Structures are given as structure tokens and as C-alpha cells.
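To start, the structure itself, in C-alpha cells.
Which chain is which? They are A, B, C and D, in the order written, and residues in each are numbered from 1.
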Amino acid sequence: MRMKKFINNPDDLVPELLEGFALAHQAKVALTGNNLVVRAAPKPSDKVALVTLGGSGHEPALSGFVGAGMLDISVPGEIFAAPGPPRVLEALRLANREAGVLFVVLNHAGDVMSARMAMDLARKEGLNVKQVLTHEDISGGPRDNPEERRGLVGCLPVIKVAGAAAEAGRTLDECLAIAERMERNMATLAVAVSGATHPGTGDVIAEIPEDVMVVGMGQHGEAGGGTQPLKSADETAEIMLTALLDDLNVKAGEEVLVMLNGVGATTLMELYIVLRRVRQLLDEKGIALARSLVGEYLTVQEMGGFQMCLARLDDELKALWDAPCNTPALTVS
Amino acid sequence: MMESIGYDDMVRMLRSAAEAVRAQHEMLSKLDSAGGDGDHGTTMLRAMSNMEKVIAAASTPELKTLLHDVGWAILGVDGGATGPLLGAFFLAMAEAVGDRDALDARGVASLFAAGLKGVQEQTKARPGDKTMMDALLPAVEAMHAAAERGGDIQALLQRAAAAAAEGAAATAAMQARFGRARNLKEKSIGNQDPGATSVSLIFKGFKKGIDAHA
Amino acid sequence: MRMKKFINNPDDLVPELLEGFALAHQAKVALTGNNLVVRAAPKPSDKVALVTLGGSGHEPALSGFVGAGMLDISVPGEIFAAPGPPRVLEALRLANREAGVLFVVLNHAGDVMSARMAMDLARKEGLNVKQVLTHEDISGGPRDNPEERRGLVGCLPVIKVAGAAAEAGRTLDECLAIAERMERNMATLAVAVSGATHPGTGDVIAEIPEDVMVVGMGQHGEAGGGTQPLKSADETAEIMLTALLDDLNVKAGEEVLVMLNGVGATTLMELYIVLRRVRQLLDEKGIALARSLVGEYLTVQEMGGFQMCLARLDDELKALWDAPCNTPALTVS
Amino acid sequence: MMESIGYDDMVRMLRSAAEAVRAQHEMLSKLDSAGGDGDHGTTMLRAMSNMEKVIAAASTPELKTLLHDVGWAILGVDGGATGPLLGAFFLAMAEAVGDRDALDARGVASLFAAGLKGVQEQTKARPGDKTMMDALLPAVEAMHAAAERGGDIQALLQRAAAAAAEGAAATAAMQARFGRARNLKEKSIGNQDPGATSVSLIFKGFKKGIDAHA
């Protein structure tokens, strides 16, 4: 059976999708010769630049966050595979400036390795780059073992607040501190109900039995999550929110952001139903749902499921979250 | 007895390694499907053809340039874990070879030891963690031991290939602690590690490349 | 087998999803007591108001287009079912003003009937309402038989340009003329590769055999389309674009908008690949791809497939398309 | 022989129609699944329970108010095609009944004829198009014929129910030209139309409601 995707030669997936992406969003982004995604209108060079890297196949992430108020450059890799260090190094060179470069890396083995190597080379060249690592997937292990925690959709709030800080003219160290504060104050959990097909190989990347859901599913259908009977929207919301609140130790009176990120086949309809329950539960606990974001931001092809990201907000983070941005995947005006 | 290798030998070794990997890339992806994301064969294929292109395009017959370009070309593959690790291996060898244009057995052993160190700078994985390290480390150690015992580079590569194959086979019984497969925890036991298998194929290729010409 | 959706009691789908929708987008929209979706900040009453109606289960459509620059009120119905005339009439009453109300109706039997009845009653009450009907699905029949043509995602450009005209203070007749000009100059075709589940009943709403795609699929999986072997992205793009160009009789030198609307499981990755091919084909024909829009705007649950909407643009329509808007589903700034 | 019906009879008829539909709603959805979107049973259920609520809440025993409220309540169902058509049916009857509080056979027949006209204002569907019209029109015509022949309302409702059932059955052989099923073209032949089936159930209910009390 052929996979039911509108693609051509699987070897051309990434260049073809990037060509269409740049075309669709030509007012906001552009492609360089070696497929780095940059802003159509570059940020003034006296402001800190933001760079990230990551595998493709998760559209709109991560290149969808390139634009005013968020990223300056994204380095897209192959399908589900981090880009190699040479292109990452080129991106860092391209972004380099006196004000400095903040490099946002999601905790996945390939990304981290590629980033580390590029950072080593960048430092040798005297580039002014600092790195923030996102690892907020609580299914990976306890909070004090951050290396085991993957980076999921939490990259978005980190990029958003650090991007806003950069736009506001904050220094590299300030941007880094803001990114790290956001990072420390967030937690994500994913649930999946149905698998997806790897568009390059045609392999099913997470087969999930009937009547079952997997809580703790990784960004590419990596196994390891807790399999349990399918639950209602309300029950699922409660299971996930409870785990996240526990992990972050959120107390009554605090303010939070909740992001619900559909990973593919799960509808907005469902995410809205879940958000409604999240609010009810937070109300009961006296925690304020200060901000929310519902949509598809970091997908896993046509997988069914979603990621719930909870983040504790302070006044500064809230203001940065609200700051305008204008990217293909997120616009705040 | 082969006492020394030079640029042309290295080219033969690399080309033969590429062939060995190419012949088995489907098996490599299958191994990766069990615990990872099933792309290891594709990634290795890309890495190997990048390597071949660089070799074909080389203009000056210097070992250092060759190894550096190979390393950089492999790094250029969007290959998740494999690109940086394997790329680092060759880059570190390039650094170590300096301007030598021929290597004796000890030289070969220490060159590969430098490559191993380059990989170790990129990962904390140790033998027993079910990664490519389980093939790479025994292979490099076997080279060292072989070089101590005598100067035959064919014998040295023979030992290295055998040790890598053995190391790769042993990963089947291990629980993954690095890479995507670590998420599987105990369930990762039973499958041979794809990265270790690649390394054993590469060493098998090195040996064959020299044997065929010796 | 339970359907793999995060929902609760199927009877509560619509109120629950609307509650979450309004919560997620509270800066832009609000819910009235009887679940009309209105703007959070009403438009000045001296400007024409835009109202639409439509079944739920197609999120973000249609309520996702309520906000500055687009709709004033949307009347969401049950899952895949038009709202009854009483709530539509209430929406028309609520929107009514001296400047008038433009009522956008998609050509589906239930919507049309409900709209007609509400319009009759509204006229009896002396409300100042005019209606525009969208019916751009070329699979329904030839251009001279518009009644047979369903309204698909073409509602979006119509709402966009008419909404921008209203915002600019144009009269009701002008807004209507603009909406009708946009409507006449567009054509849509849908392709589906995999079915979806009706969230209310659990029924599969379009079973599509392996290795097959259906060109001309309706908005709810209604049969009637042409079944053919699954094609590559490039081939599919060509089949669809050719049919649309034919229908609209677009000539070299003209400018068009192309919208690719993912209906559920089909990824942005695929849509970008298709858009890239659309541009190549237009280039070959000397037709300018003046604007494009790629995303999920009018979905059919987790169905796999997409709608391609082609629209001929003139300078005025282009300017209205580019005008700012700020709605849950579309933001232009 | 029942020569006249009043408010209470109408309430009985309506309640009995609701029961008849409720008993068969799953079958109605199944019929709709074949060519439409499978929701007709659910929609009819909602329409009928809206109707029952209105009846239960009625404060003044006026036919006009009753029929108007029933029509409006059915319109309030988000039911695609069904709501507006069936709602228009009752609204037109309310309009026609004026301030009469009792109806003889001719009165009943002309009341239903007015209902039919209300539906016809909403749709161009004609007999043979495979819609609810195929049950409604013969039922109303049968009423008219029965009223011409004599004054018994039981007989009149009996004829109407029989004609509606026959009309609904005949839709199986038709090709749909309205509603979602028209997209099926020739393939729509073979299935009985859900809307026509509902109408026949409603008329069956009207008859039963009167019979049970006669």
C-alpha cells in the first residue's frame, strides 16, 4: 500500500517543502542558498539575533517561527533529523553580531550534538553565541534529571519571550536569562492516540492499539510512554494537567499559560474542548489561566494526539508573551 | 606483510567502507525501526555518498585534507546522531594525522585512537550503553593491541573488524541508555544497535579495501 | 471500537467546543447567551456588518473568521448541520444597523434553507440585510449551473475582501458587489485520500479505498467525486489546477490567488510541496501567482486531503485581500 | 365517527408522532448514512423532543399558538434540511388555523394543505425527486380526497398515513435530485429516502394518537 501523502520523490521532500513554504510566506521569510530560513526583512543588527535548528516534518515548526518578534534564522534538517553542524555553523555566522546570538536548541540527541559541535566551531571563530536548551517533557524523568527530558512544544514560548526581549533591545545575557527562566518554569506532556507515517520511508512511526492512548509520547512517536485505555476529553485533560501542575509545583494564586498543540489528526474542536476543561480545573484550584494558545505548532505528520504545555508566568514573561510578532505560524498584533 | 599505508590505501579503505554500508543499508534501517526512527540506513547511505563525492573531488593527495573533507562531508548529512559522531571521528583523525603522508601500524592505531577521542568529546556514551561506541571502542583497542604485537596493518585491520563485529553483536543483549532507543528502556534488549552495526560494517570495509589490493 | 477523539458526551460537542474557542480567543471574540460568536470589540455601528452561518466540526471555520477585518457574527450550528432559522434571525437582528448587514451563505442545502427563512423573517421585520451565496465547487457541475455548486473554502476570500471593504466604510451595496465579484472569480476543487469520523455519531463519513484518491469530494465526505489512483503531489497539483484554470478561464498575464486548505490529516508539508508545483505550472502559463494562503481553514475533522481554491484578482480585490485583519484563524498585520 | 378535532386531539397527534419517530430514529440515521451524512435520526429526535417541550410548556390551549410554537421549536433544531422544512410546515399551519379551536375533516385537510404550501415555499423539490415531498404530498392529497368523501377524521388520517407510507416506500426506486444524496446520482437508487420515511412515521403517529383516544 502506498502512503496517502501528497509528495513526490521522498529524497526531495525537504527542498520542495521549503520552496513552497518560502513562497507561501514570502512577505515574512526567505530561503538562503543552502536552505537556511531567514527573515524577509532582517532585524536591525544592534539587536540580539535568535537562531534555532531542528528536523523537518513537524511543520509549521520550527521555520514557521521565523519573523518579527521571534526567530531570525532557522536551520531545517531532513525529515525528523537534525541538520548537520556545517549548516548550523553557517547560520550562526550569518546571525553573528556584536549584540550576540541566542541559540535555542531542543533536547533531542541529534540536535544537541549538532548544536554542540557548531557551537565549538563558532567559539573558535570568535562568534558571540550563547545557547539555551529546552527540555520540558516531564515523561522523560524527574525534574532534577533534565538531560532525560526532551524538548517539545515548549520551544515556542521560549522563542516567543526571548524573541520579544531581543526585539526590545535587551542584551544577550538578558535574553538568555529570560529564555532560561521561561524554560525552568514550563512543563509539557504529550498524548497520542494514532500513529503517523514517515514521509521519507513510508514506515508507520507509532502504531497504537485500538481503544488505547499513550501518555508521554515523544515527538517522533518514540515509544516509552504510558499506555492506557482511551479516556474522555475531560479525563485526559485532568490526567495531563495534574501531572504538569505537580511537576511545576504550581500553587493557588499563581498565573499560568496553557498551550495545547495538536500534532496532526486531532482537531481544533477537540483541543478547544480540552482547554475548556483545563480552565475549569484551574479555577477549582485557584490558579489563573492568564494566557492560552491552541493550534498546530509542532506536528508529527498525521499523528493523532496533542501536547499540553503549562508555563508559570510572571509579569515580565506575560508582557513578552503579549508583545507583537509576525511570523508564518504565529502573529500577535 | 603490509607495513605502511598512504593516501591511496586510505581512499581504498573508505570506498570499501562505503560499499559495505551500502550493501546493508536496508538492514540498518530495519534495526533502527525497532527502537529508533528507522532512518539509520538512509542516513548512513547519505553519509557514505557524501564521502565518496568528496573523495572523487579531492585535488591534492593529502591524508589530512582527505580525512578533514570526509569528516566535514559526513557532518553535512542531516542525520540526527550519526552525522556529528561519525563526522567528529574523521575530523579528529584529520587533526591527528598532521602532515604525514604514510602511516605504520602504530600510526594507524593511534590515528584511530584520536578518532575515538573525537567521538568521545561528542558523547558520554560508554561501552555497554548500546551505541556505536560498543563497536568503535573494541575496534580501536584491538588495533592498539595488534600494533603492539607486530607491524602488519592487514592483521591490524583484521583484528579491528573482528572486534567491531563482536562488539556490535554484543549490543543485542544490552539496554539502550543513549539515542532514541533509550526511551524503550528494557524493551530495547534483544535488538542489535544500528549505530554499532554500521561501525562494524565500516571496519569490515576498511579491511576488505586493503585486502583486495594487498 | 471507540472513536479516537478527545470528546465527552457527543450531545455537548458544540457548546463545549465553543466555550473553549471563546476562551482561547477571548481577546478577539465572545459568545452570546445563545452561542452566537461575536467580536470582542464591536465594529463601529456606521459600518456594514458581516454575518455568516454554518455547521460545526469544521474548525477553525467559520467562527474563526470573526474579528476585525472579517466577520462580525457567526452562527455556528450543530456538527455538520446548519443552525436553525431562529438563531440566524437573532444574529441578523443583533447585527442590524443603518449601514446594513451583508449575510454570507455557503451553498449547502441546510444552510441555504435556514438562511432563506431567516432572511424572509428579517425582511418582514424591516432589517437591512443583503445576502451573498458562495458556490465555487467546480465538481458540482458546470459554471452556468451554480445551484449545483457547493460552497467550500472560497467563503474565506469572500469574507476577507467584503470584510475589508466594510471596515473601510464602503456601503452595503458596494460590499455586496465586491463579495459577488470575488465569488464569480473563484473556483475550488477538493481532493480526499482518507475518511473521517463524525464526532457525534462515530460513523466513518467517507471511506476511501487503499491507493485511491477522490477528486471532487464534498465538505462532509459526500460522495460524487471522481475516484482515481493515488497520484504524486505534482500530478495532483496539475490535475486540480488545470481544472480550475479551465473553469475560470484564466489567461496569461492575469493575476491569481491560490489557497490550499488542508482538511485535517494532510500536513502543511504536503501543502507547501503542492503550492511549489502550482507556482511552476502558473509560471509556465504566464499567469502570476499574486497571492497565496496555505493552512487549515475549513476542515472536515481528521479527513486526509485538501481544497485548492483559485481566484482571479484585480487591483481592488488584491488591496482588500492585503488589508489588515485580526481574527482567531487569520491575522494580517 | 370523529367529526371534529380540537386542541387536545392535536396534542395527542403530535405526541404520538414524536413517539413514532423516536422508536425508529436509528433506522432513520441508517437510511441517511447511505446517501447523506447519517444524522437524520438524531436531528428528528431533537426536533421531536423540542416539540414535546413546547407542548408541555404551553400555557394557553390555542391551536394557533401550539402550531406556531411547535414550528418555531423545530426550526430551532440545528438540523440541516429537516429543521427549516418541517418547521415551515407547522408555521404555515399555524398561520392557516387562525383563531379556530376545532376543525372538521375539510378543515384538517386544508390545514395540512397549507402546511404543504409552507414547505413548498422553502424547496423546489417535487414528487419524484426522492425527498420528504414524496411522502408529504400524497398524504395531503389523500386527506383532501378523504374529506371530499366524508367527514370522518380517523378515516382521513388513516388514508394519509397509508399514502405517506406508500410514497416513502416508492422513494427507494428514485434517484435523488435534492439534499446531500443528490451527489450520489444513480447510486442513490435503492435506498428509501430518510426524510420521506420520517414524514410517513409522523403521519402514522398522527393516526395512532387519534385512534388511541377515539
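Note that in this section contacts are C-beta pairs under 8 Å (C-beta built on N, C-alpha and C of every residue); 3 or more make two chains touch, one makes a residue touch a chain.
Note that this is a predicted model, so its numbers are computed, not measured.
> With chain C set aside and the rest fixed in place, how do the remaining chains group by touching?
A, B | D, once chain C is excluded.
> Give the chains in contact with both chain A and chain C, ordered by label.
Correct list: empty, since no chain touches both.
> Based on CA centres, what chain would you say lies at the far end from chain B?
Farthest from chain B by mean C-alpha position: D.
> Need the CA-centroid distance for the pair chain B / chain D, whole Å please.
Taking the average C-alpha coordinate of chain B and of chain D, the gap between them is 79 Å.
> Measure off the straight-line distance from the CA centroid of chain C to the CA centroid of chain D, and report it in whole Å.
Roughly 33 Å, centre to centre.
> Express in whole angstrom the distance between the two chain centres, defined as the mean CA positions of chain A and chain D.
55
> Provide the full list of chain pairs in touch.
A-B, A-C, C-D
> For chain A, which residues are in contact with chain C within the complex?
Counting only chain A, the residues touching chain C are 1-2, 4-8, 13, 16-21, 23-24, 56-57, 59-60, 193-194, 199, 210-211, 213, 230, 232-234, 236-237, 264-276, 279, 289, 292-294, 296, 299, 301-302, 304, 306, 324, 326, 331, 333.
> With touch defined as at the start, can you tell me which chain A residues reach chain B in the complex?
Residue list for chain A touching chain B: 14, 55, 77-87, 108-110, 113-114, 116-117, 198, 200-201, 203, 205, 218, 220-224.
> Considering only the defined contacts, which chain B positions touch chain A in the complex?
Chain B residues touching chain A: 29, 33, 35-39, 42-43, 72, 74-85, 87-88, 122-123, 178-180, 183-185, 187.
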